[in-house]
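Submitted below is the structure of interest, expressed as structure tokens.
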Amino acid sequence: MPNQVEEFNAYRVKMNDKILADNNKVIKRIFNLDTNAFSEGALDVKTKELLGLVASTVLRCDDCIKYHLESCHKEGLSKEQVMETLSIATLIGGTIVIPHLRKAYEYWEALEEQA
Amino acid sequence: MPNQVEEFNAYRVKMNDKILADNNKVIKRIFNLDTNAFSEGALDVKTKELLGLVASTVLRCDDCIKYHLESCHKEGLSKEQVMETLSIATLIGGTIVIPHLRKAYEYWEALEEQA
Amino acid sequence: MPNQVEEFNAYRVKMNDKILADNNKVIKRIFNLDTNAFSEGALDVKTKELLGLVASTVLRCDDCIKYHLESCHKEGLSKEQVMETLSIATLIGGTIVIPHLRKAYEYWEALEEQA
Amino acid sequence: MPNQVEEFNAYRVKMNDKILADNNKVIKRIFNLDTNAFSEGALDVKTKELLGLVASTVLRCDDCIKYHLESCHKEGLSKEQVMETLSIATLIGGTIVIPHLRKAYEYWEALEEQA
Amino acid sequence: MPNQVEEFNAYRVKMNDKILADNNKVIKRIFNLDTNAFSEGALDVKTKELLGLVASTVLRCDDCIKYHLESCHKEGLSKEQVMETLSIATLIGGTIVIPHLRKAYEYWEALEEQA
Amino acid sequence: MPNQVEEFNAYRVKMNDKILADNNKVIKRIFNLDTNAFSEGALDVKTKELLGLVASTVLRCDDCIKYHLESCHKEGLSKEQVMETLSIATLIGGTIVIPHLRKAYEYWEALEEQA
């Protein structure tokens, strides 16, 4: 089985590099804002990563979910905290969120195996 | 060519089992509600499955579409009834539904071949 | 209290007339398709109206919900049938559907009072 | 100027009561799950309310935003914490979130004035 | 009848001022990017405003539609060009776009009357 | 590496042919409208293709994006014009658009290599 964490990150980094090299100012600034928005402020980084995770999940963006799951994992958030976040997403977003919940669960397992 | 019906169901069941074993109460209850909502009441099961299909289609959730297509097939709904449901979804949801319509059509064929 | 059923219909008809008078071919044909898609075929009109209702509800379009609720009412569908349809929409679409459920319930009451 | 906090809550409570009195089992259980999902667990109530707020905002549901803003206010979350949450929602959800940000800001002011 | 163009702009400006005064860096930068993205580049301003209009319409954001309709009007785009843009939005986004098409049409009339 | 442009088109044409052969009148007319809506009128074909591209991108429909990218390429639109269109989509639709931006960029490269 290919390592889906590495595969996802390799593709993400490769394409981000190409897009940023293209020098579209609006896109570059949006990419920069992303770093900014998730750094510590009135809320700590852990809380912000969970906010990113729940927003990505209700919007049903698999790649965004993976990205925030990885940050959650790095920040030391527990599986229970991640699952409660995903349960809120499933309640608010409805059962159409479930297919994304399956993939999120699988990706979290891959992150834990890799550690 | 791999059998996409079996593949879809195997993955769905495997991940559902893992998620439910995790014992998050909110998620478990949402999974249970799903069974409840589609059982016979003031509306019969066939109508409810078509409701699930059209909702999944306008929300553009391929896995949800597959799930309801399979239930429609088991309930003995005809291809014409399924296609009329998908046509309403395409009209209400617009041409962005068309890529999901293609996959839905392909999955229905796989269901018919398997029978 | 203003009659919200009459108000909704008066505005809808007034603006539809203006838009259609404008003679944009694509828009006119989409309006025509609407009539076509909900007429009897492999599925009866009642079922199709419920399909229109559930699709409008998961897509959270209040005016579309009102339009299909009125057609459901005219077709003689019962409150229980409508509520089961809305319950499926709430399950599939999640709790963000609830504010639209409130308005739908209120509009159904207005339709019943008017009868 | 009418008090928009009271108005919103009065309508919400009135319609919820009617809907729950109607005894649709699926809808009743979804309403119950809502209480469940936002009570303390691996995550505290404050964090969960912010999760509810960011999810409601990216899904652009004004009434859901109001509901979670009020809970955030009751839980003693600060304006800065709420604004950081809304800024993440605007970044993830894009500029189409801005009209909802305006209403959220206005509602937060109404909550603060009322206190 | 109140002037809906003035009303919309007054509220928009008032709330934007409050939000920007609040000094959330992420939100301020997103607001700034908006000006940037719609200024002349490889595409002229007229084309960009139509892009903003069609995106706002398929995403069904009434306030965003009004904002871009006003810019289209100021840029001297014709009613036919605006209607063709809205027809593409209705085709791609489906009949759930129609309620927003009605309001867009009404707002365009208000813009023309005001001129 | 498989040629993703050919692969995408082969699948699209194969499934469209099957769906159209099925003779559902509503679906056939929606397919026809698509050709109609993007032909020259008050707006030229290039502008219309960019409208289709931005709408597909904010709605996060990868296959729709590919379809319009290919038409943009055939119409002779430049990479800069396409990137400005995608930057507007990313700003309006938010960072959840970024995974689709990556695939769009990759597809545009494939179109250029193929030329």
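The letters A, B, C, D, E and F name the chains in turn, as written, and every chain counts its residues from 1.
One rule holds in what follows: a residue touches a chain if its C-beta (ideal position, glycine included) is under 8 Å from a C-beta of that chain, and two chains touch if they have at least 3 such contacts.
Everything numeric in this text was worked out from a predicted model, so none of it was measured.
Under the contact definition stated at the top, the chains bordering both subunit B and subunit F are A, C, D, E. Counting hops only between chains that touch, subunit A reaches subunit D in a minimum of 1. A count of contacting C-beta pairs for C-E and for E-F identifies E-F as the more extensively joined pair.
Over half of the residue-numbered contact pairs of B-F are shared by just one pair in A-D, A-C or A-F, which is A-F.
Across the assembly, the mean Cα position most removed from that of subunit B is the one of E. Homomeric contact subunit B/subunit D: same residue numbering on both sides for over half of the interface positions. The chain with its C-alpha centre at the largest distance from the centre of subunit A is C. Centroids of subunit D and subunit F (each the mean of its C-alpha atoms) stand 37 Å apart. Note on chain placement: the centre of subunit A and the centre of subunit E lie 31 Å apart, centres being C-alpha means.
Computed from the mean C-alpha positions, the centre of subunit A lies at a distance of 27 Å from the centre of subunit B.
Those residues of subunit D in touch with two or more other chains are numbered 26, 30, 33-34, 37, 56, 58-59, 64, 83-84, 87-88, 90-93, 95-96.
Chain contacts here are complete: no pair of chains fails to touch. Put simply, subunit E touches subunit C in their complex at residues 60, 79, 83-84, 86-88, 90-91, 95-96, 98-99, 101-102, 105-106, 109. Looking at the complex, you find that subunit A touches subunit E at residues 25-26, 29-30, 33, 36-37.
Partner subunit D is touched in their complex by these residues of subunit E: 11-12, 15-16, 18-19, 22, 24, 26-27, 30-31, 34, 56, 59, 61-64.
Contacts from subunit B toward subunit E in the complex involve residues 58, 90-97.
Partner subunit D is touched in their complex by these residues of subunit A: 30, 33-34, 37-38, 41-43, 47-48, 50-52, 54-56, 58-59, 64, 78, 80-81, 83-85, 87-89, 91-93.
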